[in-house]
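The data blocks that follow each hold one structure.
You will see chain A twice below: alongside chain B first, and alongside chain C after that.
Up next, the complex of A and B:
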């Protein structure tokens, strides 16, 4: 043990835990204090926000929260992106996160675009596809600007089938592709032959089979399925086992009733049963469907989108229209699969943080302690993550509940002002992609969003308010 | 507020909570102390057990627990009771709980036997059936003495299809009928035409359809399904939503692959999807399958059966062979459905307490706080129930875990000695049947087992030990 003048040394550690760990390993008694460097936010802006919060911001946030809480997302059908997704055309490819140009895209996103161009028949080889992708002929736009959400790279190309969701309270629609499963998949940037063959099967067999079953059912209440899944160990971002199981229960009888080919129907059931993440591509657009009507409420500081493109982390805020506030996406401190480390990891990527924005995912992780256990934590840590998010949320969900908190509603409505004032960033459950195209998932973890987009949004809010700083 | 010489009255309440509630309603400050009347157990017997515990009982219990923990129950097929259930013959009817004669049977059990005799074609009317049932021509025996477990009345008659389970570690088999769903059903004592029609459909359509699918799969790992269901909000006694969902996931592709008639297959899927308790008739025989090999370990004080016939509550203990220790079944203090009260309730009934005996049900209720919420309690009460059961169990499950307790194993191996020494009876989740035949379920709750069977078993254990009392 280290000693000072023969007295045991005691150190109070501010901030960095790794420093404390070094000291602890030397036998020094360390008390960690939860100190964080202050956020670089202009004092006058803070004052201006503070002065306007109760009168301008709070009522707007109350309105936004009520809209989010009264939303009800249903799966109402399926179609092909070219025909269903607003603004989709033959030269448009949608991607996860805020806007980005080809030259700034990360490896997995480029890989997924290469795969999509081969899948679309626009290129025969990766080289051809890459050339076309960079030629200027292909346009890129965020999924979120076309009613879509996409996990990881989040690529939506014109021929891809999409789920069609409708928020029955407000009448708005959202869309998402079908989840491919794990392993070599487009959303992690893989574009080998097996990836393309699977995408074609999903277009030619999975899609029409599911479309018939959903058509037979009329609609599927995703709001109810998500509420139940939270009582069954899911947070519907990184754990979707219950959601997928409940979906199969509803679909299976309808699949049989609308069956054309028993062999294909069995393959469809096997495919969904073999992929616990199948429900993710419904929980994401369901979250977007309830958040979108809460956009454009003047003065509201509630985030309606958090999304990452693997290079930038972007946030959109209700009171600030369609503007993106961005900062560099961080490389997650995750649990890496054997053989991989942080050095292999791509910065955080995907639209899946829309679940956290909607009070699910990391915000509901107390409902899914198995996720925290998987990355080496405990059930009480899962509770702590969820409890801490109440500090940065304007309210709580009136539908989505945490059983372990006596069925309290999940923290809902990320308030940019509270993020800054509490110096606390949203927690996000995430899968980690390899930084190179085609490798796939290398880890998983619970990470914090970067502060930069929230600081920029906070400053923009201050700018919009009457008076000078 | 009541006052004594103008000072606020403070009462310390020993035992009965209802007395405390009365005082509280009068504004008196009450501190309840967890006092219980001492159990009427002979002191010399207590001493004898105590003297032999470490040397004789504990090693036997360790062996029993290891056997239970190493069991692995699989669903391996289906058949008809007449052909599969050991000792079944045309004049035999199996029932829940310990042995009982027709004249002592409760209403729901009589109703279910009347229904079974009509279903078997042995009687055309309820009157005919009742006459035959009482004639002496029909033999009655406990399910548990023929490898079976039955929920509520638990009737198994020769023509009923049964699931066949095998503990792959020890090679022993168990059996259970298919769950009928809720409403007017045989297990709650109903015997109207709709009940008999459903039973016939279950024999002629549900059974052969499921049998083909299970045959195609070869076997289904129930140990794994139960372990997962506990991570998904079930305790697999009164909540089986996850277990049923996970089962459907596995069965659906196989049902399609072995399909003869799409319409019937769709009906089978609809039927299972419409009945969240379908999995109960697998979790029960799965529990029995892992407990049975722990029978007959000389000296072991671990309960291998708890079962109720609606009149008596029976317990069997590993070190005491096939003997039943019984006492009157209690009327549950449950939450009653609107229009019903405790006065309508039948005493506790069914073999389903085999789940508690196997570390599930009430013992695992911390995994299923929604059950406690349903009967007016909180998630922390659910935790308390489970935690208290560690006090009367010899160990914990090495497979079945409680997420909210950081994935600690469930309390496993009810030790009759600990029940007596701690003056604490096992908690059981239960549905409540109306006392009259044909009415059905009138409530649900969490109840304690009666002490009498445990006291008798304790005394029998003492008798078996060397030396005199």
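Up next, the complex of A and C:
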């Protein structure tokens, strides 16, 4: 028997917005759904996930989020990749994103590998390097599979100095190279002489100078630096000016105390001061350091890695072990610098989306009003980006806060299930590389991750659950 | 001429918004035609038929929006595409800023935001609609499903679930309802009252409820069931459920039951249910038929009379001539009638009235007489009554009650035919409908040769947002003969034809 309470209706409207407008004009309480056609995911799989969410997935996610929230990343030292990075050897080159073979690599990544081989002394010319790179003698592996993260091409070769980070709560280590600055740089695929000379200077002057200072300090609390940087207008992906400044403040006394040569120390400070993105190569491994311990929690649907290699976009999920779920990386619909357009852009590239995975970057862009114009938007849009990410996150950060949201924690713990159910992809606040090696950055913007890797991960989660689809 | 196209990924706007954007682009100088549309398979067919299916949009996915423009020169084309991209991108941001809070992404979230909703009104594309309706029923919400192109199988599953839960599952293809005094989708502002309506037809429900209001009556509930509810596959689940509700509802003193004639099994179930009530029941199944002899049941095939009988039964003394307009019969330049309807049930009623007066059906795209069936509504013959809301016209475009462009095109086409003496139009006002139909029709009517007779039926109530009197005044000024009862409008048209033919 039909039950209809005779009282003023409250209506949910799904579809034609004019119907909701009419109801509003009559004073009816209406809530419109921001509806989009659903993602192509098997209905049986959706139902299986739904049936298991509260009992299996949610508790696992709660555990994962607690681990992420209790992590504390410290910069504890520096070393050379060959000695510090697990599994590194003379014929191994690490790259950004999910696994990829030489023949499928994009221009900037190939260029960066050519540069790395010249830098390592394995080749004298680009032609020689390219031949060696394609010969099969050189092995390639994702940074993420060796405790590293790398921006853009993300190349780590054996002789490169690396920062060493430790998550003090869980004892795990992560690594990243030193940031080279903007312009013609290896991470954008440049391999000209000036690039190699700079890399050598970074190895011979920057690295030992910083290593002495960090050694003198013992450790630097990056967690605290990032928290402060968010209150100073950084989201530590596309804006690292505050983070870099805070780092210099910490380092300066130690640099002076451990100084061997004033000229060189001044050059080191100048170099860091001239590169607003210096801190990016610390915010990235710091994010990884707190996310890694949340891996391998059975049933958890929280993403622990989002990374791009310029060809594929890859996602790793806590409950699904080391498997990569990939789909084509998209060419960002970004704001392009004068003289460049989307036609010049390389598909999305770099491990830097680890910051978004850790509740920073695009997820914290409401903290960085200064760059929203640079990425083509308004301050209110930035707020709306951050707010929207709460819909796909399992929880929020207990320490990274957004002043403009009354110090609410940033959205944290991308839940693959929520991405699919809400039909909303993570936003990534990223730079755009030119598709040709060595041209450098041609734009920046807030871009959405592609859905394909998340759909594949969702289906794999459903497969892992007991019962059939 | 230059054709330019663009694929807009990751954006979604409803078809009405896209239509408005298309319209805005077409108004730009140097633009011959422009379409902004979802790249579904159905829409590609439409693009193909209008020569707008260009290779550039081939890679678009079904969920992408595509913009295609035909322009006089490259610059106009580029500018129009740029404008399309801007318009498609901006609306959501604007509304978000206006509201200061974000819209819910799912029914679930919207339900939380409302602290428990009562009803979910769904008008998304048919292939997604059933799944969303199912989610709403699971949340314990009544559903009004405006979308069409939902399978019978899905309809049965949804209605079976709804009946089990004691919920309304109105539709698919339910255009009109008034629940607890709230008009939903295409509905008129009708006072609250004692007449309960259950209808398997949208415009039928609008015509009856509006006429009740115009006669001084009121409506307790007006349920729509969707046009297929009476078919044997669905078994009249909602007709039965709603009727049962009205029989037991203390507020309802008189019941109106209307729609296409239900299947025999369904009909006998309904008769059985009706035998349990002493409330007056006015029945209209849109064609003459026998009903059980029971003193409280009355039958008519006139929508106006359905409303009149219902009002009489509640004790309202209606003057049978209250709605009558005494227009003198005009002289016709030619002897044929073309009825261009936006309301399917009005068209069906028109066919019945015509048949009663001429002994056979007129030509139609929706009639039941095989000898007078038109292959499609574009190729009219002699006397033709066309339902412009039928599938061949509405796939991929908004309903003709919202979007007058198709009707304007048809008016021009019919007027150019020297055999046509009368054009008959229904002008539906109320919520959901076009905000100002006169603004679309008046320029078109003024262009028509003076000797063409235009008859308009304006379906409206005093409370409708469009201002009925103003609309009628503008149409009359443009030369139209206006009625506020459809039955009367079509009878008048038929009388004109008879007099012109000397019969």
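In this section, the second predicted complex is superposed on the first by the 434 of 469 C-alpha atoms of A that agree within 3 Å, B and C clash if a C-alpha of one lies under 4 Å from a C-alpha of the other, contacts with A are read in each partner's own complex, and residues count from 1 in each chain.
The criterion applied here is as follows: a residue touches a chain if its C-beta (ideal position, glycine included) is under 8 Å from a C-beta of that chain, and two chains touch if they have at least 3 such contacts.
These numbers were taken from a predicted model, which means no experiment stands behind them.
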Point to revise | First (chain B), second (chain C), both or neither touched by A:407 | key: first
Point to revise | First (chain B), second (chain C), both or neither touched by A:250 | key: first
Point to revise | Which of chain B and chain C A:182 touches, first, second, both or neither | key: neither
Practice item. Classify the contacts of A:380 with the two partner chains as first (chain B alone), second (chain C alone), both, or neither. Key: both
Review point. Can A:421 be said to touch chain B (first), chain C (second), both, or neither?
Key: second
Practice item. Please name the chain, chain B or chain C, that touches the greater number of residues in chain A. Key: C
Exercise for review: Give one of first, second, both or neither to describe whether A:242 is in contact with chain B, with chain C, with both, or with none.
Suggested key: first
Exercise for review: Considering only the touch criterion stated at the top, classify A:270 as touching first (chain B), second (chain C), both, or neither.
Suggested key: first
Point to revise | Contacts on chain A seen with chain B and repeated with chain C across the two complexes | key: 380
**Study point:** Contact set on chain C toward chain A in their complex
**Key:** 9-10, 12, 14-17, 62-63, 92-93, 96-97, 102-107, 109-111, 113-114, 116-125, 128, 131-132, 136, 141-142, 146-147, 166-168, 179-185, 221, 241-242, 244-245, 248, 251, 402, 431-432, 465
Point to revise | Of chain A, residues touching chain C in the complex | key: 1-19, 22-23, 25-26, 28-29, 31-38, 43, 333, 380-381, 384, 387-388, 391, 421-425, 448
Point to revise | In the complex with chain A, residue positions of chain B that touch it | key: 228, 231-233, 241-242, 244-246, 248-250, 252-253, 255-257, 259, 262, 265-266, 269-270, 273, 369-370, 373, 378-380, 403-407
